[in-house]
Amino acid sequence: MSVRRDNLEQGTPDAAALIEAVLLVSPRPVTLPALLSATALPESEARAALEALGARYSSESSGIVLREVAGGYQLATNPSCEAAVERFREEARPAPLSGAAHEVLSCVLYLGPLTRAGVNAARGVNSDAVVRNLLDRNLLIEAGRDQTKPGAPALLDVTEDFLLAAGARSRDDFPALAEIVDEAEISRVRERVSGAAERPVEAPHGGDG
Amino acid sequence: MNTEKGEPKGRTLASFTIELDVYSGPYEGLLALILKDELEIFEVPLRELVSLYRNANPPAPPGEAPGALERDTDFVDSATSLILLKGRALAPYSAEAEGEDAEEGPSPEDLEERLVTYLKIKRGAEALRERISGNAAYYPSVHALHPRPGRLRISPNRLATAARRAFLRTAEPGVGHLGTVTVTVGELVALIRSALVRGPVSFEDLVRDMDRLRSAVAFAAALSLAAQGRLTLTQPEPFGPLTLEPPK
Amino acid sequence: MSVRRDNLEQGTPDAAALIEAVLLVSPRPVTLPALLSATALPESEARAALEALGARYSSESSGIVLREVAGGYQLATNPSCEAAVERFREEARPAPLSGAAHEVLSCVLYLGPLTRAGVNAARGVNSDAVVRNLLDRNLLIEAGRDQTKPGAPALLDVTEDFLLAAGARSRDDFPALAEIVDEAEISRVRERVSGAAERPVEAPHGGDG
């Protein structure tokens, strides 16, 4: 306490303190506009304060970290303290997502918004049950309808909870597919298809039944 | 559901009835419908089916449920067959082979595009998995202020739907009744591959001396090898004899 | 805490960080013994860390303060930031409830009061994290204990806030369970719930076998 800050006691706390307090009472990320509106700070001051808070709540020095995620700012525990937090809460983590669920999310993220039929087609299997589960977990949402299709089926999109779960600031905060997929592997697939005469599994001939 | 208190024990598979979105009635009826192609296998939620079975036939202490082991293994047998059928139905290649000439499927270009897209999706999914698991240990502040009473809206309709969904779901199946699993898919993969060195082998021959559990695991091993293209499975008709062949 | 803390990244956070993280995820004051058991710290180290945290989260310099209250330690907002916090509370839209949360609420509403084990059995899925969240949000409350069960586990019930959010004056304002699922299913679920808490301790003697 080297600096005197009597103003704090009199109800004019500094910018960082105001933001800190608001973030403590919000389990969800708070957008910059919401922060500005609650704290009545000018944007430049708020940004500078957020930067200072980022240093203070950094993953190297603190059990609480400031995350910039899902379009906002959030205080969360440092994953390095995971064991203590989980011992304290004495509860099972929600079951991790299945491989199929990750595939469906990847479809919607990279090819979406997509209809259920679009997801099924991309994966080559019926994914309705997986989609239902992801809607349940608030990781997917029905956002609008595809008016070009008969019956105008619902379009699926990823949610804010999905961005949170993935620790992403926004939809754009994911590497492009081109960066993830190995070109060599793609050409191997292409070769295999064009060179593939026989099918790997002989399917039963049900034509006569 | 026939879960009358009086006699939950000593029943056979014939008395197992199920209640699924796509079908309700005796389990054997479901099998018949699938075999007669009147019900699409991929409409059948196998996991839910297993849950229903476990729920209708809770594990009982040894000696208290005569016939339970037989019934359980019968169920495992038929369920693994369903899994095989389902795997087939969902395999990208088999769907178009049904009823059509093999050559009449999508053009190689279409197929190539589909596979490339799928490959990308798959790699994207792997990246997502890593990212999501890397972010799982951030716990948010729980010092939330409750919103002013009345700001949160909960729809009674959604509650009713949720109740329906929750009450129709059944508990995760226990596997305690199967005893200790002493065999792994890996072991049986090795066994199958060494058998294939001498040429095609029928599944029946392969599992002749195995107990029910081992043969179920062998089934899984064969499926996984087939999926990797390391063997070919042929079965002229559903539930007919199954032959394992080395890859061509 | 001016010491370098590179060890944090490698999963061995220091004492203050561990305590900070635990306090962030506890809405109620945490007693020293509870802190020690979650963090596995020796008492002297924990006390020293708490002192350091007290200076860091002091009412003169921070929007978040460390309070020693009701026999424990708790993070809270600095009263000097009250205006911003109140504005935020006015403006924030409540976080939407997940499908899982709706399920847990409907189980407690229709079958309750229920223990946590009862909720898990009714849903067929572990629901501890969801229950915790609903308690935190004051939509569920621990109302008494089930004395018939070993350890007398807490019974969960829905709250006034829940009724208000659902626009209901009482439990009777909701459609009857019999209108939602048929009787056979209800009795099946009830059986599952009553069986769940008993656990398969012992088979009933001289049953129907």
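Think of it as A, B and C in the order they're written, each chain with its own count starting at 1.
By our rule, a contact is a pair of C-beta atoms (placed from the backbone, for glycine too) under 8 Å apart; a residue touches a chain by one contact, two chains touch by 3 or more.
For reference, the UniProt names are A, C = Segregation and condensation protein B.
This one's a predicted model, so the numbers in the text were calculated from it and none came from an experiment.
**Q** Select the chain whose centre, defined as the mean of its C-alpha atoms, is least distant from the mean of all protein C-alpha atoms.
**A** If one averages C-alpha positions chain by chain, the most central is A.
**Q** If you average the Cα atoms per chain, which one ends up farthest from chain C?
**A** Taking each chain's C-alpha mean as its centre, the farthest from chain C is B.
**Q** If you average the CA atoms of chain B and of chain C, how many Å lie between those two points?
**A** The separation of the two C-alpha centroids amounts to 35 Å.
**Q** Indicate the whole-number Å distance between the mean C-alpha point of chain A and the mean C-alpha point of chain B.
**A** 29
**Q** Roughly how far is chain A from chain C, centre to centre by C-alpha average, rounded to an integer in Å?
**A** 24
**Q** Mind pulling the residue numbers of chain A that touch at least two other chains?
**A** 24-28, 75-78, 85, 89, 93
**Q** Can you list the chain B residues in contact with two or more other chains?
**A** Correct list: 139, 141-145.
**Q** Would you pull the chain C residues touching chain A in the complex into a rising list?
**A** 1, 5-6, 8-13, 16-22, 24-26, 30, 34, 37-40, 55, 58-64, 75-78, 80-81, 83-85, 87-89, 91-92, 95-96, 98-100, 125-126, 128-130, 132, 136
**Q** Which positions of chain B touch chain A when the two form their complex?
**A** Those in contact with chain A are residues 37, 42-43, 45, 88, 90-94, 97-99, 102, 108, 111-112, 114-129, 131-145, 226, 229, 232-238, 247-248.
**Q** Going by the contact rule set out above, which residues of chain C touch chain B in the complex?
**A** 21, 24-27, 75-77, 85, 88-90, 92-94, 97, 99, 102-103, 105-107, 109-110, 121-125, 136-139, 160-162, 164-168, 173-175, 177, 179-181, 184-186, 188-189, 191-192, 200, 203, 207-209
**Q** Give every residue of chain B touching chain C within the complex, in rising order.
**A** Residue list for chain B touching chain C: 1, 3, 5-9, 51, 55, 59-61, 64-65, 139, 141-156, 158-172.
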